[in-house]
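Two complexes are shown next, each including chain A; its partner changes from chain B in the first to chain C in the second.
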Partner chain A sequence: MASLSTTSLSFKAPSTRISQVLRKGSSFQSVAFGRFASSTSKTSLRLQISCAAKAETVQKVSDIVKEQLALTADTPLTAESKFTALGADSLDTVEIVMALEEKFNISVEESDAQNITTIQEAADLIEDLVQKKPAA
Partner chain B sequence: MRTSIMSQMQRSFSIELPKLVPLQLPSRMETHLWYVIPDEVKSTSLLKQYSQLLSPPENDKVLQMRGDKLQKNALLARTLVRTTIARYQTNNGVDPRTLMFKKNMYGKPEVDWQNYKNCSDPPLHFNISHTDSLVACGVTLHVPVGIDLEDKDRKIKHDVLTLAERFYSTDEVTFLSTIPDPEVQRKEFIKLWTLKEAYVKALGKGFSAAPFNTFTIQFKAGTNGGYNLCKEETKKCNRDWKFGLLELADSHYAAVCIEDDQARAPMRVIVRKTIPFVEDELISESKFL
Partner chain C sequence: MAAPFTLRKIGVPPNSANLTEARRRVFDFFRAACRSIPTIMDIYNLQDVVAPSQLRFAISAQIRNNAHITDPKVIDLLLFKGMEELTDIVDHAKQRHHIIGQYVVGEGLVQNTGNKDQGRTDFLKNFYTSNYF
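Coming up: the complex of A and B.
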């Protein structure tokens, strides 16, 4: 059962993100540090303004992440969930990005891929890339 | 992120920890590879003792992991690092709670030795890797080290050659494409992934300093598991980088990479299984794939 709702995405208090912004780089886990970790988390301080398209994108991203990481239905998952906190290693992240490319018919540059650390960031990038595509 | 000495001291020093058995330092060409099997650590009181070793920021990170299993593995990873490094300080026995860590400018974790200026033991290098079912830590003396683990049976959802063409070097793609059996091909892909990852981690400059498709790691036949590291562009090989590929716990591939510009002897990897504070078991010495 999806645990996301529009309100929980859009009105997260910005103050909780400060601690993430101050924390440098990636964690000590098995993902190669610096690979897909953004050292400035610049999107974290931006207020998330929700609209229907974003929620749907986030849901699709979440589904792909859940599948790639074989998450159980009761794993707590939000748009702010970090891939590493969900147990993704470097190979998982690569496969997630490729699955997103296939699902949304986009092409993600390696430099952009390295900045994706959360479901929300992936959804934002996807929306950005989809918008930039010439009309079919 | 460093906490002050005072806040470290204030943190539960009244709680007695079991004694840690000291360890002999690795020799220069040796990597000590320690691993824990999370499923074998069941005691909640033991896990509670482990959580008391961690600094507050480390504990926060553990709690950020989503789900009990991931939290336990993160806890075991930090415990393994702290207890293992502490055991190598053969003078006066270092309390694992007092160890401090920092990150180099690219984010690679290192021990912060600033409080041990009087300690005569030379600084150790370490690197951690873990999967769902295994946690490992490699330790070396003097030389940078990187390790990576992957489950041997890990399913690759995309076509292996498609992944290789995108991420690996041309020679590696050629090597993989000549393997007729898809299962063998999958295994070789994973082995290469661990070797390449171990190199990037040993290098310690982040993934962007050495994208996977800019270097080749190739097996050197007849050298008891040796590998060459060569640049994709120039095809020049750098003999300072040494690799070892092993199997751990019958379930994982583990790659170890060190940088040593002095020694020409093959590297050695001593593998031990452990449950911190409880037991150690010597598993193998330089048993490479």
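Coming up: the complex of A and C.
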């Protein structure tokens, strides 16, 4: 996975989407990616740096975080914002992880949950778990 | 669908050695409670009354109510009582109106009248210790 993400760093934004499709293989249809290409233009720059999570997942995570921390609509919320910077204490972080568990129907282990500090990490972890789940 | 969560009843564990372990236990308890929420909603038919996120908020509000405590033994005792309450609820030992009245919050409930031990003045605390202050 590490080698694949470094090769995709050299691609431009539209190709990043295609390389994600190739990596993830048959579980996702390319039609779905086409749908998100236009709505996620502002997140495509970040996807060049950490290409492991779909923008849709990041958006869902951001919505849950906003609702949980009661943030106003104009608070700047990027994929790299830390929960503590947004005013969450440790209990809030656990609550966010539980809300994500419910929303995505996954089960996050405690060891994994310790390492989540930003929205991007949460989205990556969710992607991993969602992928592993149908295979189990 | 994630594997359904069952609350395993274990005996009383030994006291936490330090605040870090007590914190860990608090978060474990919170996770156990949140994972039991679908079961609770199913048992007491709360689907139309409350959303899971509101129940999560109620649980975290109660935990936050005691967030200022630093003694690990006190935290252990509070967790024990919390676990007892959670077990009662999951065992259907309570009834729907209990759950709605206690957690689907209404105004003026005892639990909502602020933190314990925080008076506006220290008058009563001094009064309890001696007559002269």
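Heads up, the rule we're going with is that the second predicted complex is superposed on the first by the 81 of 136 C-alpha atoms of A that agree within 3 Å, B and C clash if a C-alpha of one lies under 4 Å from a C-alpha of the other, contacts with A are read in each partner's own complex, and residues count from 1 in each chain.
We adopt the following convention: a contact is a pair of C-beta atoms (placed from the backbone, for glycine too) under 8 Å apart; a residue touches a chain by one contact, two chains touch by 3 or more.
Small disclaimer: the values here were computed from a predicted structure and weren't measured.
Put chain B and chain C next to each other and count what each touches on chain A; the higher total goes to B.
Of the two partner chains, chain B and chain C are each touched by A:Glu110.
In the superposed model, A:Leu77 makes contact with chain B only, not with chain C. By the document's definition of touching, of the two partners only chain C reaches A:Glu101; chain B does not. Once chain A of one complex is fitted onto chain A of the other, the partner contacts of A:Gly87 are limited to chain B, with no touch recorded for chain C.
Common to the chain B and chain C contact sets on chain A are residues 68, 90-91, 94-95, 98-99, 110. Per the touch definition, chain A reaches chain B in the complex via residues 23-30, 32-37, 39, 68, 72, 75-77, 81-82, 85-87, 89-91, 94-95, 98-99, 110-111, 114. Against chain A, the residues of chain B that register as touching in their complex are 1, 61, 64-67, 70, 74, 77-78, 81, 103, 106-109, 128-132, 148-150, 154, 156-158, 163, 166-167, 193, 197, 200-201, 205-208, 211.
Residue ranges on chain C touching chain A, taken from their complex, read 1-3, 23, 26-28, 30-31, 34-35, 37-38, 52-53, 56-57, 60, 63-64, 67. Chain contact summary for the complex, chain A toward chain C: residues 67-68, 90-92, 94-95, 98-99, 101-102, 105-107, 110, 133.
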